[in-house]
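Below are two complexes that have chain A in common, paired first with chain B and then with chain C.
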Partner chain A sequence: MCSVGEGFEDEEGSRMEKAASANWKGGKCNKCRENDPVILLRKKDAYCKACFLAGANHKFKALLGKSKLIHPKDRVLIACETGHPTMSLLHLLRSGLDLNTQKKLRFEPVLVYVEDNYHMSIGERQRIIRSINNETSRLKFPLHLVSFADSINRKNVLISQKSLALNRCDQGKVNAMFDQSINKTNRRQLLHIMKRNILLTVAKQLNCKYIFTPELSMDIASSLLTNIALGRGSQVPDDTGFCDGRDSEVKILRPLRNFDMKELAMYNVFHKLEPVSVNPAQIDQYSSVQDLMSYFIIDLQENYPATITTVVKTGDKLALNQSMIAVQCKLCQSAILRNSKGLSSAESTRFSKLTSNELPDHNVSGPERYLKLTEKSDHSPQERQQYCFSCSKLSRHLLEEI
Partner chain B sequence: MDIKLEFGGGAELLFDNQKQYKITLENKKTPWLIGDLLFWMKDNLLKDRPELFLQNDSVRPGILVLVNDTDWELMDTVRYEIKPNDSILFISTLHGG
Partner chain C sequence: MPACSTKCGKNAILKRPKTGDALCKTCFFEAFENEIHFTIERAKLFRPGSTVAIGASGGKDSTVLAYVLKLLNEKYNYQLKLVLLSIDEGITGYRDDSLNTVKQNQEDYGMPLKIMSYKDLYGWTMDEIVAEIGRKNNCTFCGVFRRQALDRGANLLKVDYLATGHNADDIAETVLMNILRGDLARLNRCTSIITDCGDGIPRVKPLKYTFEKEIVMYAYFRKLVYFSTECVFAPNAYRGHARVLLKDLEKIDPTVIMNIIQSGETIKVNETAKTPSLTRCTQCNYVSSQEVCKACILLEGLNKGLPRLGIGKSSKVKRLLKENEEKNKSCCRNDTQESACICKANLPSIK
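What follows is the complex of A and B.
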């Protein structure tokens, strides 16, 4: 067993601030210092209801305003999902749109729900669609419905207004996209990319220049680590930053990325909003890299409340050198970088694989053998012309079909 | 002692899809703490999969608890002493799917 790092907590426990139990010592709201607090955030900051709700509203608008991307009358696609974040997002939008002050939101939201619960029973799927429909119409937003299974790799997607034809074969349709042997990690990567591509297609069909997705700080942190683990390091700024600008026409924005789940769940409670919920699935955290990363983040966050912000803020410092971009990956639209002078880690791995598979030719001298090898390496087929490193490893069968 | 239990955000799915319960706790020698209530709920209300609601001596991470509309982290969590007519709300934040 590896024992490196064991016991570091005993010696240097002061390196990370641990908060196993709440640190709150009593008193009034942190902000107004008048009212009794009703919520404790980050296990130490107590707020009264009014200050907490005003703060949440401000945080949402500040991030949108700071980016200066959206102009009045722009159409913005809102990607709806089940759960607390979407519910809060819709309510934040509705209250921003209904304002009569300078701070009024002036863009036009277009709600879309991409139905991808194909692993559930038809009845349960219909219940979810009905509940989403009820909640969105209660907030006076019209909803558009799109079937995930029917939209994969389509240039034109069927968008319905009222109801969606659900089919028992949807799961089969999705499964047919994959190699039978594909592992869960790659499968989830592909589904993530496909969903993104569908949202982009739908946005273009509905004339939206922007897409809002309801990812939280927790999702951002775990997808950041997942991306790095899967060789998608160069995609971190686009995949986890506020703005994903990989598509030339439609930008994907993440307006909730500075919120944590507790804030939004409490926001919903205080506004008496009931999010659309589904039975939580039993997840084996070791079944895929994505599950493991989110388990790691959530578990660490429980005891060290600075975990998520540290990961997210560190990720915010990463950027891509725009002058290095050669082409875009055909599947995920991320940048494929120009060959640099030094070897990238992917190239080094490839070179190492090549040399390890060569039988040494002892008739020539060492330096000559080296020259031969580098020449061979330079001329070996470049797999990465159309796809980025990570996508090229995903599924040969699928890549041939796209 | 009569109290009200409420469930939201999907936590009701673990309790027969019922959002509200009015329950009566029998008098006992020591005060009723929320910690005791959680075990009472496990024995009397929770039908299956208790691991989706409880972990060790508390609720599972991802379930928020409010006592009379106030975060229980401001009230000493499991050590809060329940008073008659308290309303205790459990909100699940677990991602489904």
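What follows is the complex of A and C.
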């Protein structure tokens, strides 16, 4: 049935504006109005090289400055990855540190690469480490290396410099963590949480109070939708916001969250920077919720250029209900919310599970059967509230081990 | 066929998307009805002794809702008086047929039926509106008018509750859609099982946690009569992206639907974020977030031969309305034959 307009005062379609196909009609740079433009952003705004680069630099510093979190001499762990975003991030940092003006960046970056290419050949993995090493030393940053496979669930992580002992059985080590039957969605969730936990451990060992991760607006938007689809709605402010404050000692910041890939790729081109590249694997969009969400966001963004910014900004306006927090999840450190008075989706599912596995006793009346059922549901031992709604569904086997 | 998960010994007829369990027909009926009763009981949806209008379109959701509410009302003695409330949008080849289905339900379930028509309420049928505006944007009119029509009908019938057939899929889809559109106000309230929009008649959604697939299966196995043709003006059109996304997510893991509702329930909009506050329309006194409600704007546009007036940004509409008013003031004064002037004063007011 049609249910258009079931919302209050419907304005179907009026909020999403369709893309005008490259709207630029020629002319000078949007900013200085003098030079010829070299780049078209958002399919309509043209900039010359100087204005574009100044704008990118400003955007980066404005977000950091606005938060007022980082103080001079603070040590900040930079989580390096392959690809354009990390390359731009390092260059933005280097040019900010080398300034001699008021705008100089005054914190100490500490670069860390967590090696998790265990699905590749040893040769390819070594090439990637070498290239990252070359790029970082060109920008005069020392690099720390950490093996993902060896660091899972460790209280103490081995941090090496220059080179990392790679092992053919790393993949086996990682796979051994999971149930055989685990699906790709849950597997990726777990890997994401583990990587976050490793970064936090490394940051503590290296005396860093902050971590920078190189997520772009697109990553933020798709991980926001992924969180919603996995029942992690209350974690959106921490998991996709500028600052993840779930850990009491180390905060994770996302300084690139307002950039898109074109901006950073062009930033790198103009500065003649060659990012470390990896051949992307062929991805089936239906293999996991995460894959589907990034496919969906990129696809929608093509036709509706406001998609990503709208989703990111919606996320910015969500907050955690502080009064509802009971405890922290043992795995992902997210807040476990206290049961509210009303009925919740989780409770409804629990009841459905119970009623579909209970042999109905047809000797008593329907209402009596129902009463028995609810008594059982109310008195069934509440699952230990150590894990949040989503983590508790991840992997029985793994949760018992941690 | 696998055996029924309740170990009753029978063969299963379906696998439940909500839990992954396989159930036989008897156990499925029991579970399906138990769950809706659980929802009604735990969320305290109805006060005993009250009158409930069921928004009936003749489609599967409202047909199942009417059937199950009648059944549970008798089984658990809710002491409710149930009535059916239908809206006749005036769409030939769609609503006339589905209204026959509702009339059939009225007879089968022995419930009184009230039909509110767009023609009576607004002076226009959807067929006439589409002739005016064309196939594009006509859903905006239909949607805005329907919501008001349901509320007006509920007021007329003096009911205590208005129950609608929104299912879990609908709610999850709305959550996604509101995020994609950045609609914080609706994101905040779209997962509430009871919404009160200020006119004193709460809207309740007893099927909030019931999967669409299970509703279809229930209607099928219970052999309920429902109408399943899509609207002639908007086949497959509605809600586009969010619906496609949800269907794709369902293919990966059907429990995603419950997860999204869980997310929607735990999301909280930042207190500093600006959300529109509800007031009343200065023209028809209906609840609205704007000075003049959307229905009045759309209607004004139709009556003045400017059907596109209410389509698009509300700021633009406000400006247009103001301009029109200025113009009309002078026009009425100068015109000796007042009836010839099509200014606001001469518009039929909606009650």
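Worth a mention:
Basically, the second predicted complex is superposed on the first by the 361 of 402 C-alpha atoms of A that agree within 3 Å, B and C clash if a C-alpha of one lies under 4 Å from a C-alpha of the other, contacts with A are read in each partner's own complex, and residues count from 1 in each chain.
Here is the rule we go by: contacts are C-beta pairs under 8 Å (C-beta built on N, C-alpha and C of every residue); 3 or more make two chains touch, one makes a residue touch a chain.
Here the structure is a predicted model, which is why all the values come from computation and not from measurement.
Look at A:153: by the touch rule set out above, it reaches neither chain B nor chain C. Of the two partner chains placed by the overlay, only chain B lies in contact with A:84; chain C stays clear of it. Once the two complexes are overlaid on the shared chain, A:281 sits against chain B while remaining clear of chain C. Residue contacts after overlaying the shared chain place A:268 against chain B, while chain C stays out of touching range. In the superposition on chain A, A:183 contacts chain C only, with no contact to chain B.
Once chain A of one complex is fitted onto chain A of the other, the partner contacts of A:137 are absent, as it touches neither chain B nor chain C. When the shared chain is aligned, chain B comes close enough to touch A:40, but chain C does not.
With both structures placed on the common chain, the touch criterion links A:117 to chain B but leaves chain C unconnected. Once the two complexes are overlaid on the shared chain, A:67 sits clear of chain B and of chain C alike. Residue by residue along chain A, chain B and chain C are tallied for touches, and C comes out ahead. Residues common to the contacts of chain A with chain B and with chain C across the two structures: none.
Those residues of chain A that touch chain B in the complex are listed here as 21-22, 24, 37-40, 43, 46, 82-84, 117, 261-262, 265-266, 268-269, 274-275, 277-282, 298-299, 302.
Those residues of chain A that touch chain C in the shared complex are 1-16, 183, 185, 224-225, 227-234, 236, 285-289, 292, 296, 300, 307, 310-311, 313-314, 316-321, 337, 340, 342-349, 351-353, 355-360, 366-367, 369-370, 373-374, 389-390. Within the complex, the chain B residues that touch chain A are 8-10, 12-13, 49, 52, 61-62, 64, 66, 69-71, 73-74, 77, 89, 91-97.
Only residues 5-8, 16, 18-19, 21, 23, 26-27, 30-31, 34-35, 37-39, 42-43, 57, 59-62, 75-76, 137, 139-140, 142-147, 164-166, 170, 174-176, 179-187, 190, 193, 197, 209, 230-231, 234, 238-239, 241, 245, 248-249, 251-253, 255-256, 258-271, 273, 287-290, 293-294, 311-314 of chain C touch chain A when the two sit together in their complex.
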